[in-house]
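Let me give you the structure first, and then I'll get to my questions.
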Amino acid sequence: MNQTMTRRRILTINPNSSAAVTAAIDEAVAPLRIPGGPEIVVVGLAEGPPSITSQRDADSVVMPLVNRVAREDADAFVLACFSDPGLHAVREAAGGRPVMGIAEWGILRALTLGERFGIIALSPQSIRRQQRMVRQMGFEARYAGSWSVGASAAETAGADIRGRLIEAGRALVTQPGADVVVMGCAGMASHRAAIEEAIGVPVVEPAQQAVAAAIGAVLLRA
Amino acid sequence: MNQTMTRRRILTINPNSSAAVTAAIDEAVAPLRIPGGPEIVVVGLAEGPPSITSQRDADSVVMPLVNRVAREDADAFVLACFSDPGLHAVREAAGGRPVMGIAEWGILRALTLGERFGIIALSPQSIRRQQRMVRQMGFEARYAGSWSVGASAAETAGADIRGRLIEAGRALVTQPGADVVVMGCAGMASHRAAIEEAIGVPVVEPAQQAVAAAIGAVLLRA
Amino acid sequence: MNQTMTRRRILTINPNSSAAVTAAIDEAVAPLRIPGGPEIVVVGLAEGPPSITSQRDADSVVMPLVNRVAREDADAFVLACFSDPGLHAVREAAGGRPVMGIAEWGILRALTLGERFGIIALSPQSIRRQQRMVRQMGFEARYAGSWSVGASAAETAGADIRGRLIEAGRALVTQPGADVVVMGCAGMASHRAAIEEAIGVPVVEPAQQAVAAAIGAVLLRA
Amino acid sequence: MNQTMTRRRILTINPNSSAAVTAAIDEAVAPLRIPGGPEIVVVGLAEGPPSITSQRDADSVVMPLVNRVAREDADAFVLACFSDPGLHAVREAAGGRPVMGIAEWGILRALTLGERFGIIALSPQSIRRQQRMVRQMGFEARYAGSWSVGASAAETAGADIRGRLIEAGRALVTQPGADVVVMGCAGMASHRAAIEEAIGVPVVEPAQQAVAAAIGAVLLRA
Amino acid sequence: MNQTMTRRRILTINPNSSAAVTAAIDEAVAPLRIPGGPEIVVVGLAEGPPSITSQRDADSVVMPLVNRVAREDADAFVLACFSDPGLHAVREAAGGRPVMGIAEWGILRALTLGERFGIIALSPQSIRRQQRMVRQMGFEARYAGSWSVGASAAETAGADIRGRLIEAGRALVTQPGADVVVMGCAGMASHRAAIEEAIGVPVVEPAQQAVAAAIGAVLLRA
Amino acid sequence: MNQTMTRRRILTINPNSSAAVTAAIDEAVAPLRIPGGPEIVVVGLAEGPPSITSQRDADSVVMPLVNRVAREDADAFVLACFSDPGLHAVREAAGGRPVMGIAEWGILRALTLGERFGIIALSPQSIRRQQRMVRQMGFEARYAGSWSVGASAAETAGADIRGRLIEAGRALVTQPGADVVVMGCAGMASHRAAIEEAIGVPVVEPAQQAVAAAIGAVLLRA
């Protein structure tokens, strides 16, 4: 039992500046907070755009994330934007401390729940970014495709969007033949169970998976 | 905090009958036992062979695993043999409870630590099984290859094997160009840090990764 | 001419216990019985389930097949279930005698008849198993997809199912763009010509192909 | 038993003009001649070059093959050059009669005997052609590589070359890690068993495999 | 400035005998004719068929192209048929002078304009040829698919076909999800801008791209 | 002839701050400056690091490049760093004007000169970035690998490095089996012909290829 040392801390950074999304992430990861486990802190990134839509949006947060991580003394980091912006540069900056991307871990978990995963995307621009990301990961053989709901990150944290999320999830199952669905944004957690119920295949919330992975990594480095 | 409920339990089953391997796994996952977290139990499989070498060995434990999981009331299961024997049939038997394979999770974790993973294998027969498994997972683009140490599972849990494990790890780095190495057996955990130190790239112990993943899955289903 | 020796024997084992399916296979391979060629025997597996639907069903016949093959003195074996259950373990047990899987050979033959093959599947569960199998074979680049008829193996041996088989074959051509179709069960042979006629692309009966391949293997080892 | 009809005929065409190679093929397929089976005829192509080395050599025989097949009344055809020259155009010309390429069938058979096949090539130019061919087939995930012996087709039919063939086979096993080897020319059959014995993995003679496949196709169309 | 030497010449060969297609290519490449750049000549192939539809058509022009290129003294060659017939044999014949295929360069340019390219094909037969070609290139991960307009090469050079070309382009975007479209024939250039306007994604005319590439190759060899 | 309009301009940006590298690029692209063709301007990026080694180096120039391109009125852009930093964000900023990456075009050109390309890399860190880039492009089937010379960008522009570049090129040919080599940095052009001569396979200088592609794109948009 790794108890005698100072409590470990996982810093989850939402790279957009939407407080609604930061709050949604904070709530999503609550089940992962346990007495003997690491502290889980969720923060926003002041320099971030309101929503990460364009490639420019994604790239604009890379250096701020690199600089933030370099000066933080957390034991592990989670980048809570589904573009995993700057993942490899942030890893350099973290000096060996674990850095988890939510797209990375949302997709990895999905690979254990079905044969072909689909992604609910915010926009057509996100889809192209996801196509590049999945190819870079080398997972095309398992990728059914992405489906856009045409919304900002903050909108997906709200209640009104649920119908469209379910529709997108269902389209991924019936059209490209996904048998597991990943939510392609950090703010959608409150809808996870409802979508899963509605579409009949597992639905993965990626921020939860990345934080869970960070817990394991922190404990195993103890 | 998910405290008021009964404590969750993760059952880790070593499908071979080697007590040395079961003990090695038990020790390997110790850092993952935390207050407030799930109970982690490691057991052997009486019906299993001493070491899983041939494909027949691997296939012979599938129905015993299926039957064992069907009658256990654990909250999640880890199959602690690097062949992930019967993974999909055991999932059917688990009725929705998470079932984690150690090859699966050892490899998934490696995918976040390098670009091309190598596997330290027990035998040439294991290598061919690993080649089929990696293709089935759809991860060939990230797979550098496997290297055999010519040993049984129980031998790899002992101290004498360390030199050969290091040699195999180094061969994976210098020849097919792996930049992360997965230990291809459940009993090798005591050598992990020493190999990593010796070969200069991350080394992943798969049973630890599968149990860590099971913790996340159990907490998120709370 | 390899005549002076004892007549060679190919044992085709239907791993389910449906006599209708065994009879259908026996009839399907009749054109391959020729004077001077090997004897072709088709048997059922008493231990098998009535139809192989779940992964558990498929895995449950592996050890019975291994044991049966080990004690038979045939010159070659055909595993006549489209899951190719236990193919690699049975090969070990056969001690160098050829062992042919029907999925394997049905798909290989299809690769010579079109660019992208589709599979008529018994059930959605079979589809996921086929997706794993095709990836394991490394043939995803040639795989259009599978289409379920929602039937048991025995039902597909009967006459009533023909309309649904044709419908599935046509769906594979028009939707994922298959230009050759493999029948994903050993009992469908009586419908082959009718489906081919109806859908306008080649349709492959897999048990015939595996037995044909076994004939070649037996003659070449003479 | 398909006896009452006229005996079926498989025409095997060696697209080069080397009589030594044609004779070697004829001898290689002798075990496949059985009383009740199809007649197997092996012929050379007068218009062909002495050995097919360059891409020009391979392309130069396509139209002669197309024209020859169009005017022959055989029941099936085998193109006995490892470049499978004109395979798809010849299929058009054959009007539905089976046309088998030896590279195609040599490789397909190898896929059932190992996880990663290697090819013994005549020359570096053949290697590049084989790389294109394997990618076109979609089998890269199973391809270990090719190794050149630096010889013409006719030379490989002779006895002197055996040592170099064994050396190339061994190099394929120890270097890119092949566990099954395909002979990349139609004339090497007399060396097959010796190479297999020497290198310890299965060695496939492709003309035998293509003719065996043609037998199956002819019987099943009866 | 490479001015003092004789003016370089790029010979573009339309392998079919349609004067309408040759004229369409000549007009398509006009913007690439610049004072200090190489001369761009477009010719037909007298021996070619009126349109290249079957595989036989494609293969029938290979040796005429090889012979033509061998005796021409141009500095670079463009093969202006979307089957890239004889590309590798013509390269041998060109003795080191650049030879560009239009399918090759149309597709390469498309890879820089979108994530997944689609091809407007003349016929279902062309589609199968394109599937083989894309696999041979190793680009399946970027290939959305092909869509047939059911027309000859000469027809696509005319005005009447525009509606069907637009329809095919739109189908490629909405169904397999192409985000860039390649025109699968050398004669369609006059429709490029109109299709692009209508379907909202980039449309690539392949003969222009191959000639542009030849200009670069010629200048860089100066 | 597109003569009456204002002369087009291609702006080539070297994202590092090494004047030696900028000068080397300027000289490399000289053969592409022709009367009647676009003006080709090569500039450095003041904000860039001396050499792009780490992922952080590569990511640090993205927003400066985005901002620079957005305010320049050139007709096309070339990003002259082999990491193609910010390629997709710069394309957004360019508002439809062509943006060419040198890695992208160096690799595309190589795909037309051989079957399997290798890359001469500056450092082991560059290799991992190249592995991710090649997977993202979807070209793994054609990628032999990368080989590090352990040098900065500026060093590769100097004369002393030639021996090590040749050694790396030769290693790519003899070990992973490359048959065409791409120079993995913008400053190596002066060594291209010497390496090609020494190793016997084509060697591609990527800045030249990207500028050549930009010329074609600019002319075709005229």
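Letters are used for the chains, namely A, B, C, D, E and F, taken in the order the chains are written, and counting of residues starts over at 1 for each.
FYI, contacts are C-beta pairs under 8 Å (C-beta built on N, C-alpha and C of every residue); 3 or more make two chains touch, one makes a residue touch a chain.
Note that the coordinates shown come from a computational prediction; the quantities given were computed from them, not determined experimentally.
A rotation of 120 degrees, rounded to a multiple of 5, brings the CA atoms of subunit C into register with those of subunit E.
With each centre defined as the average position of its C-alpha atoms, the distance from subunit A to subunit B rounds to 26 Å.
Rounded to whole angstrom, the centroid-to-centroid distance between subunit D and subunit E, based on C-alpha atoms, equals 33 Å.
Centre-to-centre, using mean CA coordinates, subunit B is 43 Å away from subunit D. Shared contact sites, meaning residues of subunit B that touch two or more other chains, fall at 132, 135, 137-138, 140-141.
Taken as a contact graph, with one node per protein chain and an edge wherever two chains touch, the assembly fits none of the named shapes, being neither a line, a ring, a star nor a complete graph.
Touching subunit B in their complex are the following residues of subunit D: 114-116, 141, 177, 179.
Listed in rising order, the residues of subunit A touching subunit F in the complex are 54-56, 58-60, 62-63, 66, 86, 88-89, 91-93, 129, 132-133, 135-138, 140.
Partner subunit D is touched in their complex by these residues of subunit C: 1-3, 31-37, 100, 104-105, 108-109, 111-112, 137-142, 208-209, 212-213, 215-217, 219-220, 222. Within the complex formed with subunit B, the residues of subunit F that make contact are 128, 131-132, 135, 140, 145.
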